[in-house]
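Written below as structure tokens is the structure these notes are about.
When the chains are written out, they are named A, B, C, D, E and F in that same order, and each has its own residue count from 1.
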Amino acid sequence: MSTLIVMRSTPYGNTNAKDALDIALILATFEQSPSLLYQGAGLQQLLLDSQHTTPFKHIGNILNAFPIYDIEQIYIDKASINEQNINLDRLNDLPVEYKLLDTNQVTELMHNHQHIMVF
Amino acid sequence: MSTLIVMRSTPYGNTNAKDALDIALILATFEQSPSLLYQGAGLQQLLLDSQHTTPFKHIGNILNAFPIYDIEQIYIDKASINEQNINLDRLNDLPVEYKLLDTNQVTELMHNHQHIMVF
Amino acid sequence: MPAMNLLNYCIIVRCGPDQQSQALSALEFTKALLAQGHNVERVFFYQQGVLTASRLRTPAQGELNITKLWQKLQVENKLELDVCIAAALHNGIVDKTESERYELGAHNLASGFQLAGLGQLAGATIACDRVVTFGASQ
Amino acid sequence: MPAMNLLNYCIIVRCGPDQQSQALSALEFTKALLAQGHNVERVFFYQQGVLTASRLRTPAQGELNITKLWQKLQVENKLELDVCIAAALHNGIVDKTESERYELGAHNLASGFQLAGLGQLAGATIACDRVVTFGASQ
Amino acid sequence: MLHIIQTHLSQADLARLIDLAQEDDAIVLMDDGVYNQTQLTKPHCPIYVMQSHTEMRGLVDKQFTKPLDMEGLVQLTTNHTNSVSW
Amino acid sequence: MLHIIQTHLSQADLARLIDLAQEDDAIVLMDDGVYNQTQLTKPHCPIYVMQSHTEMRGLVDKQFTKPLDMEGLVQLTTNHTNSVSW
């Protein structure tokens, strides 16, 4: 019943990805263990090569911090994988564990949280 | 060969419509007679009831100023009318004269201008 | 006022003054909440929303001054208007303390607003029955 | 540098620092223009682009400081960085003169940038061979 | 759950959000979100439209929508246990 | 004419812009615009993709695209008599 953060933005187009992660980390610090749902273009945040440097804050490296902060409820919207033309293999190397959700499960997830923030 | 301003934004969602009109008016003041092309959601700028008050700068009233500023090259992208589900009749009451352009004509219009700004 | 379920709200404003329609809706929703007797724990300005809190804004004549409207509502209702400090620093909104800390030589946070950490938002998600966001996409 | 057609450019920056990728591209394109010997008549900051010109911005550690990068380029190349005055007033970016005119008590325009009317942009469309826009949509 | 839409979405994004709404949810179209109703058909949950926002934009509400004002929006947020602003 | 795309567009908007490009035009995908190439097929004009922007995003360029850097973009704006940033 805590907070669900829905990640719908590409990593570097605007500050949404970073700003959402900042909220996730502070909620974790307050022991509110937020859930994260990656949806639509937000899945692009998961495809970054953590070795590749960027002039911007590196989203890929922040993902590595999830286990440290006990952020463990990570979900991926299954329908978005096709929509974003993503090769499922590329999601195997993620440094975090996640669950794939179909549309009914996404709806259920949303109903089971007290607050929802979309970024 | 002057400047073509492409209007693609709804009137009140952001400041694009107003900011584009400001550029059109200043270009006219500099006797650069800009051309205006309404496309996509930009057509919504043409459907405002000029009698209806809004808390924002009234785009519909600014349209009335076009003849005063000698802004006479007004174009509407024909394909956008269907795309936006607009009843063609509603474009009859416009306070300005305009030409409907098909895709080839839009392409030609764009090639015939030295500078293009999309808002 | 009929007997009704009065709740504790947090409002998140993520759109700047340029998203004029959404920005005004956040204000009007907050007004309506207060009019119906609900409690507004805090309004949290995040992302572009922090631009609302600049006292150096001078909107053109005939344009809405959303900053002034929030200030008025704050005074009338002793509202807490929290401006995310990280987003504020990133966007050039600073109070006297931050201005001195970073030796900026000027400050521009409008009165009635205050800088606050994201912890205030986290606290609100615990304390509030409802968190309603305005300006989630642009 | 091979013999080539050197042109006169105007760059329009419409995205703020938050549109980090587009904002950086505007700067890097301008740099590449100068490196190839083209003339940059002016860089015109419009809409959210004016937020680039705030000297009160303090990006977090590890974040790009796009304001400083433009200032550096300006000094090195005597670039003209024009900030649309109407958009600047709307967004709370003022120089000393405007601050005094509106009695704001503080100013925040970063050095190297100057406030300018839309007439400067209109002039650029006449004088320049090319006008290239960055941050047209967000 | 209350779904609040404040922007003009692409057809694909709108369809996806409608998919996620259940029968006892409600959808609110306000600000530029009111433009989305032109793309809508047969909703499986109530769709409320901010009346002043459609009028200001010279639009006419679709018949299956319900008119809303700010007081009504407050009540919707009270009646639904949570809300999502897309 | 040079078409510069800096954002991730909806399929409909992208299709419309491609329609407007002529054979002697060129399209540049940069910043989040590089995501659009996943939706693209058989272009009728050259499509350039800012190399560093695709790599930074963990993408692989489609075979029919041409790699670009900032120097190359300058040359494209020089060679084409005008440009449009969508």
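Quick note on the criterion: a contact is a pair of C-beta atoms (placed from the backbone, for glycine too) under 8 Å apart; a residue touches a chain by one contact, two chains touch by 3 or more.
Being a predicted model, the structure only gives us computed values, none of them experimental.
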- Message: Strictly by the touch rule at the top, which chains does subunit B share as contacts with subunit D?
- Response: C, F
- Item | Mutual neighbours - chains that touch subunit A and subunit E alike | C, F
- Could you pull out the chain whose C-alpha mean position is farthest off from that of subunit E? D
- Farthest from subunit C by Cα centre, which chain is it? Let me know. F
- Message: Over half shared numbers or under half: where do the identical copies subunit C and subunit D land at their interface, same or different?
- Response: same
- Query: How many angstrom lie between the CA centroids of subunit B and subunit C, rounded to a whole number?
  - Reply: 34
- Message: Roughly how far is subunit C from subunit E, centre to centre by C-alpha average, rounded to an integer in Å?
- Response: 24
- Separation of mean Cα positions, subunit E and subunit D [Å, integer]: 39
- Note on the structure: Each of the following residues of subunit F touches two or more other chains, namely 7, 12-13, 31-32, 82-83, 85-86
- Listing for subunit D: what residues touch at least two other chains? 18, 21-22, 47, 60, 63, 86, 90, 131, 133, 136-138
- Query: Out of subunit A, which residues touch more than one other chain, so two or more?
  - Reply: 12-13, 15, 114-115, 118
- Message: Please list each pair of chains that are touching.
- Response: A-C, A-D, A-E, A-F, B-C, B-D, B-E, B-F, C-D, C-E, D-F, E-F
- State the interface residues of subunit E toward subunit B in the complex, per the touch definition above. 7-8, 31-32, 35, 38-39, 55-59
- Query: What residues on subunit F touch subunit B, complex-wise?
  - Reply: 1, 12-13, 16, 19-22, 81-86
- Touch list for subunit D against partner subunit B, complex: 12, 46-47, 86-87, 90, 117-119, 121-123, 125-126, 131, 133, 136-137
- Task: Using the touch rule from the top, collect the residues of subunit E that touch subunit C in their complex.
- Result: 4, 6-7, 30-32, 50, 53, 70-71, 73-75, 77-78, 82-83, 85-86
- Message: Taking the touch rule as given, give the residues of subunit A at its contact with subunit F in the complex, in rising order.
- Response: 10-13, 41, 44, 47-49, 52, 54, 60, 84-85
